[in-house]
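First subunit A sits with subunit B, and in the next complex the same chain sits with subunit C.
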Partner chain A sequence: MTGGGFLARNIAGFTQALESVVVTEDLCHAPGLMQGLDPRIKVVTLMLFIILVGLAQDFTLLIAIFILALLLVLLSKIPIALYLKRLLIFIPIFTAVIAIPALFITPGTPLLSIAGKAVITAQGAHTAGLLIMRVVDSLSLGLLLVFTTPWTKLLQALRWLRLPSLVVDILGMTYRYIYLLLHTANSMFLARQSRTIGGFSGTENRRWLGRALVTTMVKSQYLSEEVYLAMLSRGYQGEIHTLNELTLRRRDFIWMAFALAAISLMVWSIYL
Partner chain B sequence: MHIPDGYLSPATCGAMYVVSAPFWYVAVQRVRKVLTHRTVPAMALFSAFIFILMMFNVPLPGGTTGHAVGGTLVAIVLGPWAAVLSISVVLAIQAVLFGDGGLTSLGANCFNMAVVLPVVGYFIYRVISGNSDVNSTRRLVGAIVGSYLGIIAASLVTGLELGIQPLLFHTADGTPLYAPYGLNVAIPAMTIGHLVIAGPVEAIVTGLVFFYLQKSHSALLSREASQKSEGKLWFVWAGALVVLAFATPLGLLASDTAWGEWGAVELKKALGYIPQGMTALSNLWHAPLPDYSVQGMGDVVGYIISALVGIAVIGFLLWLLGRWISRKNEIKKNRSSMGGSAG
Partner chain C sequence: MISLDNTLIYKAKDLYYDYLGNIPALRNICFNIGAGELVALVGANGSGKSTLLKILDGLLFPTSGELMAFGTRLSEKILETGNLAAEFRRRVGLVFQDPDVQLFSPTVWDEVTFGPLQLGISKDEVISRANETLEVLNISSLRERPPYLLSGGEKKKVSLASVLSLRPQVLLLDEPTTGLDPWSQGNLIDFLLQWADKGKALVFSTQDLDVVEEVATRIIVIGASHDIVADGMPEEFLSDSDFLLRNNLIHEHSHRHKELVHRHPHLHEHMHEH
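So, the complex of A and B:
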């Protein structure tokens, strides 16, 4: 095992995470359909759609939802390549691990046999298909929310949904400091890499990793104390106040009417 | 271990949110009581740290790599309630921003990784470490064993959640609607992977960090937050375990069909579907306490009793392990002090 590979892999991971957060933030401010909607309406309607995906039991409905999500992605000016990339990073891994064996393992009427031995059953294909479509749909709807709503707006919506303010405040600040700690960890690994010629043994790498983690932990502890003092000096008394108020506009009502109509229609199609 | 959307039925997802809710509530109350106004920055910074910890790519002996959760470590440093809260925060951010774990399955993921993992890990850590010194080997062993068993327990619960899906939710012809594998596949698939890879990663990371904390920042290991609850801890966690043991059969009851009916009708359907697995599993469950394999309510009572007996046996074994380590330490200490005086 080479030390360089281990360090590089970690640096790549941190950089990727930072990049994806930055890209997401940028997209949230693009002028698109979903970006212009009130976050509260968006959270509620998209969550309803995701629950609907969970309830759906046939392909037509799941495909209909996927087409709707795709349409919304296009209308919200989300680069289709980026959306597919995010979607497909996940799909192949899970398809291989979960869906493919299900094709063969699920007992039922044989549909197709490969090499005379392995038999794909109709039930297996149905199960695997349902699972794939459900994950694709839920992920598409989730991405739609994340790509069009800044984190702060999302938290405002959660606060409106009666999530305790303490939890909302923690979520907000955690997001803020993940950035900072990612940078800190990244610099630590870069510094290590810049001083490394050749490689280290696995044991040595693990030891260094342990020290790096403790350092990051202690740093975060000191920082939390400093942040607390900074908050106190700005008049913090246990409550964080925000200035911008959310207001509903006409397009919010139009979207809400459309979404609720679509959802009722789909629920009706499930139970009738 | 992050369950995505679409694997669990909406009913299970809802149930898991309900199961996690009281833990979140108590965690918020407890943490606020100890940290007061400091709660927000302290929890936020620590959650951010856990997020980073989960991103670290850990090289394993043998060439593979893995990621740790760090739940037991957090519980040791911050106390179990703060761990419940901060890991839940991290899981929520991972689900929303990175699509790591689903939104509907967030309740289930939080229960597995933010409740079961730190609670089991911390409990075992406390049992093994007893009243030993903060810098003792006994504590280090406690942290390592605790973190390993904590993540195994979490994977077991995850496997259970996934495994009951095809039993409870399928079409008339037996096609599973959600996660397709029964308990006979889901539980081994989850636990074996964790026994071999994720468990060791968790143990290595927790052990290393604990070791360096002992060496250079032992104040972090003996802070008031975790110290304060120490006296009541035995009762609190023993109580929680008993409640959980009693809730085991209730969990099956809550999902659509009643326990007795589920046994008679659904099992027959299931028998046509995964015969060996079901019989193997029922043998597995009834073998230690054969007297309780009576029908109907007897099963429920047997379930509870076997859960309690299991907990007692594991607790006793861990206590023995702790005693054994401290004995060894004492002998070592005596020897070295005697050697010192002789020299």
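So, the complex of A and C:
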């Protein structure tokens, strides 16, 4: 009898996903430091910081970048608890895949032995630590961009960076319709819960889930055909033309000067 | 060549349309629609109204028969690319029944500017048209909002705005009042009546006979057999309850008067003050 829990868990998951979209959208329009910057400048400077993180070899620099990211989070009026929560969701995934093997496979001075078989080396611990810090820094900077830039502006910036128009358009429409399909899936689960007394076995749940997936796929296919017709109806002929209304302001140049100075200083410290 | 001063906009002759080659959607459709007409397409669910609107918008093409628009026979080849296609798209706008189909752009502003931009209209003109359209429909405050965060009524208005920014001569609306509250419905009707003038044509599908009565100057009824069963002035047919019952446009209403169960066609008579 797992039906109630199964449905409730999924409904909660869908609702949380829908809410998080709304929360992120609100944060993007908060009157903070990063929200006021041109998305192109933000994408370029934060990407430069991320490249720097990849090159960094010592903890001091990586910690300095993390502190800078946290400072920018605070100045951008993003609730720090929400930010750290999002950060912590992703870190274990990357850590498990990259950092844990490094603990054991890096040759060097033995530091700790587990059950007399696996040995963690000092160099392994250092490499794993560096990898984790790099992940933390890169995610911090990535989240900063996502939390302070509306999706639509991010797409405009990607278009400006010469990412192929088709890729940008598909990304935009995917994001827009994921929200709609989340709603559809949520309604299907709610409709089933409203007709459920007690629960169903795991097998029945899996069977129902399979049918729900197929239904959602058929609906999304129908939707894609109709959307294409709606685009044709308004003159689409294979390539989407858009207005480029982004303009650079004084604050963008100030931020760019600061970011480039900081990055230069950090690069200099690496090769000093 | 699309004629620019033709008062006859559409001429449909023996249109047939089948889905998947054997599911009939339209049968033997013939009509002319001229500038200045406000045409209501009425019919029960599944009668083929939406399919007909898509054919009038050059999105679907009849299995057989001929549709002339502005003096030109519409075909897939003509509407594929080029000036003729752009001219047709500029002059005819379709508002889909489901706003989630219509609203595919990231923001309301992108949505309203989409059509004119695709048709090569200058950027200054696009911005001016988009601002004006948002203002006319009183939705300027929604400009930066993503469509998925709009209410149902707001989505309908933005859908309409996305087509009006093309400044079309022919407006095709698929069930425009469905899902709107009475206030928004009234606003939409007022807007449509203001929008229409001698040079323009409005063709809308609906099942709401009150809207037909308020807006349309002509009614085309599509029957269960997917053909036209009536075409004329709305008042000719709206008062004929037998005809409306036969075509599933009204239902027989049962209710109790003390001990007696009473059945009669369900029609609304309005009383309102001016």
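Please note the rule applied: the second predicted complex is superposed on the first by the 233 of 272 C-alpha atoms of A that agree within 3 Å, B and C clash if a C-alpha of one lies under 4 Å from a C-alpha of the other, contacts with A are read in each partner's own complex, and residues count from 1 in each chain.
As a working rule, a contact is a pair of C-beta atoms (placed from the backbone, for glycine too) under 8 Å apart; a residue touches a chain by one contact, two chains touch by 3 or more.
Since we're looking at a predicted model, the values are computed, not measured.
Superposition of the two structures on subunit A shows subunit C fitting alongside subunit B with no clash.
Residue contacts after overlaying the shared chain place A:164 against subunit B, while subunit C stays out of touching range. Between subunit B and subunit C, the partner in contact with more residues of subunit A is B. By the document's definition of touching, of the two partners only subunit C reaches A:243; subunit B does not. In the superposed pair of complexes, A:202 makes contact with subunit B only, with no contact to subunit C.
Look at A:173: by the touch rule set out above, it reaches both subunit B and subunit C. By the touch criterion defined above, A:252 reaches neither subunit B nor subunit C.
Once chain A of one complex is fitted onto chain A of the other, the partner contacts of A:231 extend to both subunit B and subunit C. Residue contacts after overlaying the shared chain place A:223 against subunit B and subunit C alike. In the superposed model, subunit B and subunit C sit 90 degrees apart as seen from the Cα centre of subunit A, a figure rounded to the nearest 10.
Once the two complexes are overlaid on the shared chain, A:155 sits against subunit C while remaining clear of subunit B. With chain A fitted onto itself, subunit B and subunit C come no nearer than 8 Å, counting C-alpha atoms only.
Across the two superposed structures, the residue set of subunit A contacted by subunit B and also by subunit C is 21, 151, 172-173, 175-177, 180, 223, 227, 231-232, 236-238, 240. Listing the residues of subunit A that touch subunit C in their complex gives 21-22, 25, 29, 150-152, 155, 172-173, 175-177, 179-180, 223, 226-227, 229-238, 240-243. Those residues of subunit B that touch subunit A in the shared complex are 4-10, 13, 24, 28, 32, 36-49, 51-53, 55-61, 63, 65, 77, 85, 89-90, 92-93, 95-99, 102-104, 171, 173-181, 185, 204-205, 208-209, 211-213, 216-217, 220, 273. Of all residues in subunit A, those touching subunit B in their complex are 1, 6, 9-10, 13-14, 17, 20-21, 24, 47, 50-51, 53-55, 57, 86, 90, 94, 98, 102, 105-108, 123-124, 126-128, 130-131, 134-135, 137-139, 142-143, 145-146, 151, 154, 164, 166-167, 169-178, 180-182, 185, 202-203, 205-207, 209-214, 216-218, 220-221, 223-225, 227-228, 231-232, 236-238, 240.
By the touch rule above, subunit C contacts subunit A in their complex via residues 54, 57, 59, 81, 85-86, 89-90, 93-94, 96, 98, 100-102, 104-107, 110, 113-115, 117-120, 123, 126-127, 144, 146-149, 162-163, 166.
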